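Each of the next two complexes has chain A plus one more chain, namely chain B in the first and chain C in the second.
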Partner chain A sequence: MNKYLVLALVLMLAVTVAACAPAPTPVPPTAVPVVQPTAAPPPTTAPTVAPTAVPPTTAPTAAPAKPVEVQFWTGQSGPQDAALKKLADSFKQKNPNITVVVTYQGNYTDLYKKVSAAIAAGSPPDITIGYQNDISNYIKSDAVIPLDDLMKDPKIGFSDADMKDIFPAFIDKYPQYGNKVYSLAFMRSMEVMYYNNDLLKAAGFTKPPETWDDFLKACAAIVKPDIPCYEMPGSGAASTFADWVFSRGGDVVSADGKTVAFDKQPGLDTMNFLNDLFVKKYAILQAKAYQDQTDFSLGKVVFTFGSTAGLPYYASAIKDAGGKVKDWGIAPAPHSIKDLVVDLYGPSVAVLKTNPEKQQAAFLWLKFLMDKDPNAEWVKATSYFPARASTKDALADFIKANPLYGNAYGWLQYGRGEPTMAAWNPIRNFIGAAMVAVANGKMTPADAIKDAAKKSNDALATP
Partner chain B sequence: MANLATARQPSAPRAKPRWKFDWIAYVYILPAFVIITVFHIIPVFYAIYISLNKGAINKFQFVGLDQYTRALTGGDFWNALVTTFVYALLTMPLTMVLGLFFAYLLYQPFVKARGLFRAIFFLPYVVSTVGSAIVWAWVFDPRSGLANFILTRLGLPALRWLIEPTGVGELIAQQLRVPLPAWAHGPSLALIGISIFSIWQFMGYDIVIFLAGLTNISSELYEAARIDGANGVQLFRHITVPLLAPTTFFVIVISVIGSLQSFNHIFAMNHAAAQSLGGPLGSTSTLTVYMFDQLYTYANYGYASAIAILLSLIILAFTLFNFRVLDRRARI
Partner chain C sequence: MTINRDRLKSGLVQTIIYAILFVGALWAVFPFAWMVLTSLKGYAEASAAENFLPTRWLFSNYADAWNQVEYFPRYFANTIFMACATVAGVLTTSTLAAYAFARMRFPGRDTLFIVLLATMMVPFEVTLVPNFIVIRNLQWSDHYEALIIPWIASAFSIFLLRQFFRAIPQELHDAAVMDGCTHLRFLASIVLPLSRPALITSGLFTFLASWNSLMWPLLVTNRPEMRPIQVAMATFIGDAGTQIQLLLAAVTISVIPVIIVYLILQRWFIEGIATVGIRG
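Let's look at the complex of A and B:
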């Protein structure tokens, strides 16, 4: 046999195998994607305790002895991606031995798929952004590390002053995994009510409704065939539902995370309220993504509920629509309890199981993102809320220029997070489906709650 | 490898065949072999392996055929299967009939600029599914869409289209104020909306294939039949239909596989209409959509893989049926 042919065969095999092998470092996509849309419905954690603004300690620089590269996978595109890369450069200046490679991997669903695939392939990133229920799936796969020890480490961890400065809603404890901290957040947003003050004032209301009864009165006074009071996404709105349940003194899951709690009276009241809105024709279902935002900008809906991260998008939509809406604002959802509670949510960051050097470097990067000044830079670029109370000082000019953001900042201390368990994602879908069934008149509120609770409890019971 | 060409020489004596190992042939097929093995064959076997397990991403636990039992004994799988077949029945025959109709029309000698029309009809097939799905979501918008504009101008009630989970039979019965048993409610209006989009998008493909089949039919046959006094209907029935049978068979096979695998435009339209995956109350949840949901929303890797394998078996069964029955008829 011709030996040159054998040589060619071997070479071709080698090239093919090499081409099929996973690349050691993923290359960031070259095309800059469009800006992330707003109302991302997400989850979080944490009790409702206002942190005290204590000056944080300066970031310790426990730089590794030899150069370490940290692969940071994100769902942040466009200006947010640019802001993170700028922060990575600043971090590199303080930690010359650590290079953070920020890689946008698509929206959060795409990011979850890619991280899952990378974990299965044995080549995960070193640190990733993700929603808590996604991170729960990584924990199940034993792919992420608990951060408790690193947080308490005297050299690189957080000081007591830091811990007092950080809002509790930014520290994710996972009750189903020994209540350990598996993720931390450097950004959060808040579920709020957007209101059209032109319509309210024209109907004789001097302020946005503060109770649910006031809300219904406003709806009764303003609603016309072409102006509904509320537009619900066709997939339901689990975060809005959670916020409305919180506002009635309830919760969505039990404290131990083993069963749902939205089947109690506050949950039932919420679903009855939703039913009322549709039966009285105060509410309609959206037929296009972000239709409520578009209609709000055109003055065609009185109230919408969504994330504060949507503030710049609302402002821009109103401007693009020719300023038809002159006076508008945001407020916490109406409430029937004395103490204010608002739903805080947003993605967190988890460190994946790699090697001690990389894990430590990844943690340092995460800690840097939560530091006062870098965090303030991030907030200015994104309108998210910062992780620390002390960041407010660095945001004075930003808050002055963005008074609506400033208002919401004041409610941060009343924040309560959504659950962190893996089952929260399907539970959100069950809640959404129940809302859609009620909106379409296919189920009574009680049956819808009962059905969603049963499916959710089954999901919670599945290991 | 045996040199089969030599072995099959009828004149060759039945002597010991000459075996020859053709290295160069293996070199030529190696790249394709590696790519197909790595990206097709191994994933199939890996999917079968995953379908026999449950658990998280890299911590699978062997459960035998439990995932298949769960699918075959659970209502959701059968609901999705029924939706898949209903969707296939709504789209496939109409797409083919309209495709053949327009192809036959374009085939007529009096039609000028045939290439231009062919391009126009083919355009929806090559336009981005996501882009066109968003446009169609606007068309079906209940408040400001073109579809309701036309309906209301005709004196008909406006519909909720892609956000309507109610069956079309039930909607008609509501208008006529007559009771209707549950089995007669029919597919949801949302599924009808998606089917209209599907027919619009895929009809162009059928037209091009049918047109290619029609141009292969000799014009002499038509001329001879006309001389014998055949009219247009007889020409179509006795010449076009039989001689187009192999093309029709090809279109049927492709359409069956395509409609059972439909995913992209359903997914895109669900999102464009602000719906969760599967549409309003799951009324547009075909098997592929259900499988995707189980994988990415519920992280049920084993169960989703079992659904994928079952869907593959269903498609295989239909394809074999087509080959055994329709292909034989097509050749008669």
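Let's look at the complex of A and C:
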């Protein structure tokens, strides 16, 4: 009996200490991906100027004298991994001395852990994909190089025409590190509003709401006990919040990146608006991740807000649901300012500190990914948005086949990125928690904003 | 009359016992049933999780899941090899270490044992980078050694086996020594056969941990041919959604070998557990 008891106790102990035991990390197969959309230039450089679609000049290729292998670590799996490997083959044809080895290293959280460990071990990759807050930590470790000089290099850098062609939100400046460019992006997603046009038309609306007042009118006309106007993720939605603040003329972080800005009037208005939605029972909290996609496909919600990266998932869900929703679309979030601003986010690419040959080869690969034709191939495989305005020419057939994507392409010029500092990740959590507290009626909008701002400012002040 | 009443009482007790067992069995089987049934649904239905049974039975999900992962068979083979080798290593090292802690006398034994137990409280993340540096210096990256060797010593298994070994009567050891038995002979001939439940428990935990590992294999490998099955699972999780029906189809495929191993070993497994009860 003693041994039986010992066995039972040991089994219980094993369960309780499993998380602490120095064993391989088990990952639940149904783990929800950690999406930490951040991006783009700092709030100071609101890129609302439309880039001009000027044909870029072809910079002379400065091919390395001897063969160079470039290790490119990514968080892209399956078809996206295959698309990147295909692009690496194309790059090799144009640059025979450079071999790019594309390696999937898990989701972005796993990728960050692996890159950090590799940096600590002194064997980093040559170039890596990552979110800006993660890249900010690599900068802190002095592991990545600023790209400003390479971008301006007359032989391998970008020409003036290139710079006019590239959307500003794809060039990441880091205000906390001298406002230098430490990462560039060859893909971005956009925060948009998905709308059920069947429900809108039935209620007499001919187009999706363009202002927040119109949004409330649509909600008042359509909402039923089993059809809410909006479903909010159960852990909040920091990117949606940022987008809504942008749409009211505000920002989430101050110009110098040292304090938050979402505690100003636009942020407060956003939280008050969210509170109204829940008080009037126009909004509900999702019971599980991505439930808004499913409910939208079943015609059980009027509006959802999310990434354009979700377009294929929405389309798949709607098709799979047997056509319960026939007419649907996407639009920028309603706005109360004259100029449109949309939240652009997604991972970027940073070149790690290795040696000049590898750094140059890695930069050439990154530049290639941002070029019109390769970027168009990437877009066709992923439905992300490309870095250049001119890429639209190479996407004519794709846009014809995907009209919703084509609509959103037109809003890219109004893109603004989210903050690039490392503290943006915890700040996102504070904003999400504040939204949930308001949704559950546990805090007033003002208190929730105040609380989130205090915690966020503390995080920003932490070195 | 008394006999009938006793029979009735006995039948009632049996019915209640079977009812409880039936509920327990349902409780255990439900997650597997849910997994298999969800793997046969469409995307929207799988995500909605409103119907238990699929309205359309999409067996093609299995082909889609299999085809979406380029190295599925290789991942499978890697994981089976990795898990089996790790179990063999853990049982070997743990048995020897546990025996030393339980039966042999040497200076600092108990202190060393406490230090060993303390290592169980060190989080995986803390040892991640040092372990990675060691592997890199040994030039084991992208080799099976990196996937197996760091995990073939387990403080938990040593603790578990040591507790079992200590409970074996000292008289057995004394008698064996009188007959000229060495420590190794006593361990192999007497201790291990009596400790089968603990060995099976230890092996099972090690096998599951190895089967489920993702972060460490991702860290020490770059070549897809060297990676385990969990990497295949991760590929179904996207930035803006999860193809849950394909993910669960892949999970179902991945647990088939585990179920087969269990079916083959279940006699020993159940026997081992039963033995514990009888001996207690």
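What to note about this one:
Convention: the second predicted complex is superposed on the first by the 415 of 463 C-alpha atoms of A that agree within 3 Å, B and C clash if a C-alpha of one lies under 4 Å from a C-alpha of the other, contacts with A are read in each partner's own complex, and residues count from 1 in each chain.
The definition used in the following text is that a residue touches a chain if its C-beta (ideal position, glycine included) is under 8 Å from a C-beta of that chain, and two chains touch if they have at least 3 such contacts.
Worth saying up front: this structure is predicted, and the values here are computed from it rather than measured.
In the superposition on chain A, contact is made by A:Thr294 with chain C only, not with chain B. When the shared chain is aligned, chain C comes close enough to touch A:Lys114, but chain B does not.
When both complexes are overlaid on chain A, the residue A:Ala255 reaches neither chain B nor chain C. By the touch criterion defined above, A:Gly234 lies against chain B but remains apart from chain C after alignment on the C-alpha atoms of chain A. Judged by the touch definition given at the top, the superposed model places A:Ala65 against neither chain B nor chain C. Once the two complexes are overlaid on the shared chain, A:Val436 sits against chain B while remaining clear of chain C.
Counting the residues of chain A that each partner touches, chain B and chain C differ, and the larger count belongs to C.
In the superposition on chain A, A:Gly106 makes contact with chain C only, not with chain B. The residues of chain A shared by its contacts with chain B and with chain C are 1-2, 5-6, 17, 20, 113, 116, 120, 122, 288-291.
Per the touch definition, chain B reaches chain A in the complex via residues 21, 23-24, 26-27, 30-31, 34-35, 38, 55-59, 137-138, 140-143, 145, 160-163, 165-166, 271-276, 280-282, 296-299.
Residues of chain A touching chain B in their complex: 1-2, 5-6, 8-9, 12-13, 16-17, 20, 109, 112-113, 116, 119-120, 122, 137-138, 140-143, 226, 233-236, 284-291, 422, 425-426, 429, 432-433, 436-437, 440, 442, 459. Interface of chain A with chain C (complex): residues 1-7, 10-11, 14, 17, 19-27, 29-33, 35, 71, 77-79, 81-82, 101, 103-107, 110, 113-114, 116-118, 120-123, 189, 288-291, 293-295, 297-298, 306-307, 309-310, 312-313, 316-318, 320-321. Here chain C touches chain A in the complex through residues 42-45, 47-49, 68-70, 119-124, 127-129, 132-133, 136, 151, 154-156, 159-160, 163-164, 167, 197-198, 201, 205, 208-210, 212-219, 222, 224, 230-231, 233-242, 244, 247-248, 250-251, 276-277, 279-280, going by the rule given at the top.
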